[in-house]
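To keep things clear, I will list the structure first and then write my remarks on it.
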Amino acid sequence: MKPRIPLASIVVLSLVLASGCGGGDDSSAAGAATAHGAINVWLSNNAQEVAWGKQVVQAWNAAHPTEKVTAQEIPAGSTSEAVISASITAGNAPCLIYNTSPAAVPNFQAQGGLVPLDDFADGTSYVTARSGESAAQYKSPDGKFYQLPWKSNPVMLFYNKKEFAKAGLSTTAPPLGTYTDFLATSQKLVSSGAAKYAIFPSPSSQFFQSWFDFYPMYAAESGKQLVVDQKATFDSDQGRAVSGLWQQLYAQNLAGKEAYTGDAFADGTAAMASAGPWAIAAYKNKVDWGVVSVPTQAGSAEGQSTFSDAKNVALYTACANRGTAWDFLKFSTSKEQDGKLLEMTGQMPMRQNLAQEYPAYFTANPAYKVFAAKAAHVVEVPNVPASVEMWQAFRDSWSNSVIFGKEDPNKALADASAKINNLVK
Amino acid sequence: MKTRVLGRQPVGLLLSAPYAVFVAAVFAYPLGLAVWISFHKYIFTAPGVSVPRPFVGLDNYTAVLTDPAVRRSFLNILIFLLINVPLTVGLSLLLATALNAAIPFRTFFRVSFYVPYVTASVAVVGVWLFLFGSGGLVNQVLGGAAPDPSWLINGIWAMPSIAFYVTWKQLGFFILLYLAALQNVPKELYESAAVDGASRWRSFRSVTVPGVRPATTLVTLLAIITGANLFTEPYLLTNGGGPSGKSASPVLLMYQRGIEQGHPDIASAIGVLLVVAVLLIAGVQRLLERRQA
Amino acid sequence: MTRTISAPVADDVLPTGADGTVKRRGRSKWRVFALTVGALAFLFPFYYMIVGSLQARSDSSLLGALPMPGNLSLGNYREINAAIHLGRSLLNSVIFTAGVVLGTLVFGVLAGYALARLKFRGRGTLFAAVLLLQVVPFQLLVIPLYVQIVRGYGLADSYVGMILPFAINSVAVFVFRQFFLQLPVELFEAARIDGASELRVLRSVALPLVRPALLTATLLTFIGPWNEFLWPFLVTKQAGKQPLAVSLANYISTVAAAATNPYGAILAGACVLAGPAVLLFIAFQRYFVSSDLGSGVKG
């Protein structure tokens, strides 16, 4: 039988070669920093943020009829990075995305998808004037700002007053300041039957989950980012203390190891939760809650740090009318609009001296005051290349050693540290 | 007979043209690109941005094959397939045969086996957790015999638990395939078997099973393919990788490395290896089948 | 010549007594019992979903599996409808799914027939493509596919863009091919000998017989796009075009936390999503009966 070269495989082969030579196909004209015209923006689909976004867009469009802004929603959550990455690649990303995760910025930057705000005359000055010192954490390794720090949700410890009372613990000054107290309280909560678990952060192995169990406590303990100057910082006494505490919690079944459908704190299954001010609206009629800072070894102090859980705004290279985009960005992060964001969503705009800037709001909503104070002391995820990979490596090692107890946590930390040092070189 | 350039019935080209065009227009480029990417150092970039994309030969494949997490994920899938495929083929044929008979409330029974297939995993998994969670119904019934740690967080039982869950969930689909095939088994064969004095089991083995052989091929093949491409269930049931990555699947790792971490080159290498592995398994299965026939 | 059947018979063939009534064997009672147990095991999660969706307050204890009169309400359905406009989302799902099913039935039958019964150049390659497409995981292709469809073909935010990657289901092509392979080759040969052109053979021999395969293929093809989340999510940003699976996923990831009974609301959405699929199956499955079965049969 004569060997026949299937026709289709020739077609495929040529397509493969052609796609390889692709690389830079039709490059869409990159808009100059001064071009003005209609732009597109994306908001997260959190209902309150959408409401805020709509009124910002309306206000802008009324004042700038020739530079109309259209807003669309994309889901917040683990898939939003996939959507943004895909649209960067396809060249149809919008001008601004009000849901850019700081951990994803290095990747988007490497893809050539982000415009440095330094390109604008008042770019850097605007960012630093608005956010003050904490802006420095959002600079990329090349010293430029590829994102504007927009809002944060400083992570604090919520506790269920009813369940604490049931366990015989004080609800106004709960013993949660030191690790020893925290552990003892957790044991009491579970052994007295007040709650099934003391605390139930998601045990999922997704890369960002460490931001809600390990990182807030590590930030409080050390004030440092996970990686500083291209070196992992957590293979230290502080890192070991945090992982030691969590390992105890999991080993004694005070924290759940299985998947849980729903919110364990809202359901009363867990007596405590690490969450930010967004949770106040979510827990409103479900839990009689109180909030304190996360514990540290020595006892929680006023000025201790926590994880920021920030979401930022970035300007994408697919944008043609970058002048309008920058103007709109400044408009939507003005004092007035930041105030509206605060009112409508309860999340903390990353503006200096938040409590002093909006005294009326905090008088009317004292529950949020403590978060405003915390907002001045937030630690962000490190802005390094391979940041997602770094967090995944950390989470895998955490999962294995702390959650499932298959490895000694100290050794796991050391191994993860070595691995991460390699990644962020 | 002279061989014609386009084959004996060139109208076949016409009939299959829409499908061929569909494949070429939609999948040829992405598939070709994916394979090409697996041999280069590659990231997805915005249009007009050019980054060096050097050819790296088999480097990506070496990196993938020496990565213990990836190797473990392939092993996990193998465990999954060893449990899921035989169970699926056996149970679905037995159930389809039973559901093909004239029994009271047949519609109700057929629907009840099909229902898990159409319900979104994300909703159904809550029920599964309710049953198999550490405080769940099954453990309460088993009492002391329950495994500790419990099913879904147990290094040995995590993947088998997922295998049972997926088998249960997909069964309706395969029962459907068998139901359709059973309509084609001539009734006379059953009658003559009955006349020959065959028991029900005997007639099942010698009439039903051979009669639905093409469906068995299809069911086995599809079970292998969907099993190999497992993605959402490990996430939903065992939090992603499960204890020590014992329930991670290759596609999960592909998603993590390719889309979350921005390394499509590594992800493509995993993907190509997965496709090759599945084709091999399918090929072996076909060989075994031909031997049996 | 009649013959009394005294030996045990396969239950697929119903023995008829002298008076013409259908006699059931005692053993089939066990079969029904086993099936009932199995059916309950399969149905329980769905039942639990329905009960959960009707709960006003989330109750995850063991007792919560029973519908507690004090805890039943349609509130979850109302909440999720307020959040995501169930009607519009369902319509989008229907459009998306119908497009895929139509494309598959029309072009898949043709391709399946050609692969089974016609010899033409490239047949082997095409069949290899059918297999390959089934094997390749979607996650491998998703970003280049997205670039191709959105940039290459400019189909963002459109139904066509949603439908295109799923337009012809390869499994269905495989099923059609198998189906045509199983038909006796004499049927086709006879028509060919009679001088019919290939298209004539297709029209008058193959197509009239294909109905059972059409039903199977519909049921197979339908569920993919109906439950598909990632692709429509990528391709459409306009909430007005998103199918129910996407709206539901959006809802789960954000709004749900604020609902009175978040998990109940999710279950309500899932029940709505599953409903039409179940109804479709109920409607179609009655065609899966052998046409030879006696008319006195119940079911």
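List of remarks:
When the chains are written out, they are named A, B and C in that same order, and each has its own residue count from 1.
In the analysis below, contacts are C-beta pairs under 8 Å (C-beta built on N, C-alpha and C of every residue); 3 or more make two chains touch, one makes a residue touch a chain.
Please read these numbers as outputs of a predicted model, since none were measured by experiment.
Of all chains, the one whose mean C-alpha position sits at the greatest distance from that of chain C is A. The most central chain, judged by C-alpha centres against the centre of all protein C-alpha atoms, is B.
Chain B and chain C have Cα centroids separated by 16 Å.
One inter-chain figure worth recording: chain A and chain C are separated by 39 Å, centre to centre, where each centre is the mean of the chain's CA atoms. Between chain A and chain B, the centres computed from C-alpha atoms are 35 Å apart.
Looking at chain C, residues 60, 121-122, 126, 129, 142-143, 151, 249, 263, 266 sit in touch with two or more other chains.
Within chain A, residues 8, 82, 85, 89-91, 261-262 each touch two or more of the remaining chains.
In chain B, 20, 29, 31, 33, 44, 47, 126, 259 are the positions where the chain touches two or more neighbouring chains simultaneously. For chain C in complex with chain A, the touching residues are 58, 60, 83, 121-122, 124-126, 128-129, 142-143, 146-147, 150-151, 156, 230, 233-234, 237-239, 249-250, 253-255, 257-258, 260, 262-263, 266.
Those residues of chain C whose C-beta lies close enough to touch chain B in the complex are 5, 7-14, 22, 27-28, 31-32, 34-36, 38-46, 48-49, 52, 60, 62, 65, 107-108, 110-111, 113-115, 118-123, 126, 129, 131-145, 148-149, 151-152, 164-165, 167-168, 171, 173-175, 178, 181-182, 197-199, 202, 212-213, 215-216, 219-220, 223, 226-227, 245, 248-249, 252, 263, 266-267, 269-271, 273-274, 277-278, 281-282, 285-286, 288-290, 292-293, 297-299.
By the touch criterion stated above, chain A contacts chain C in their complex at residues 6-9, 42, 44-47, 72-77, 79, 82-83, 85-87, 89-92, 261-263, 266-267, 269, 281-282, 285.
Across the complex, chain A meets chain B through its residues 8, 11-13, 15-16, 19-20, 23-28, 30, 78, 81-82, 85, 88-91, 93, 107, 110-113, 196, 202-207, 257-262, 317-318, 386, 388-389, 392, 396, 399-400, 404, 406. Across the complex, chain A is touched by residues 20, 24, 28-29, 31-33, 35-36, 40, 43-51, 53, 69, 125-126, 129, 133-135, 149-150, 152-153, 155, 235-245, 256, 259-263 of chain B.
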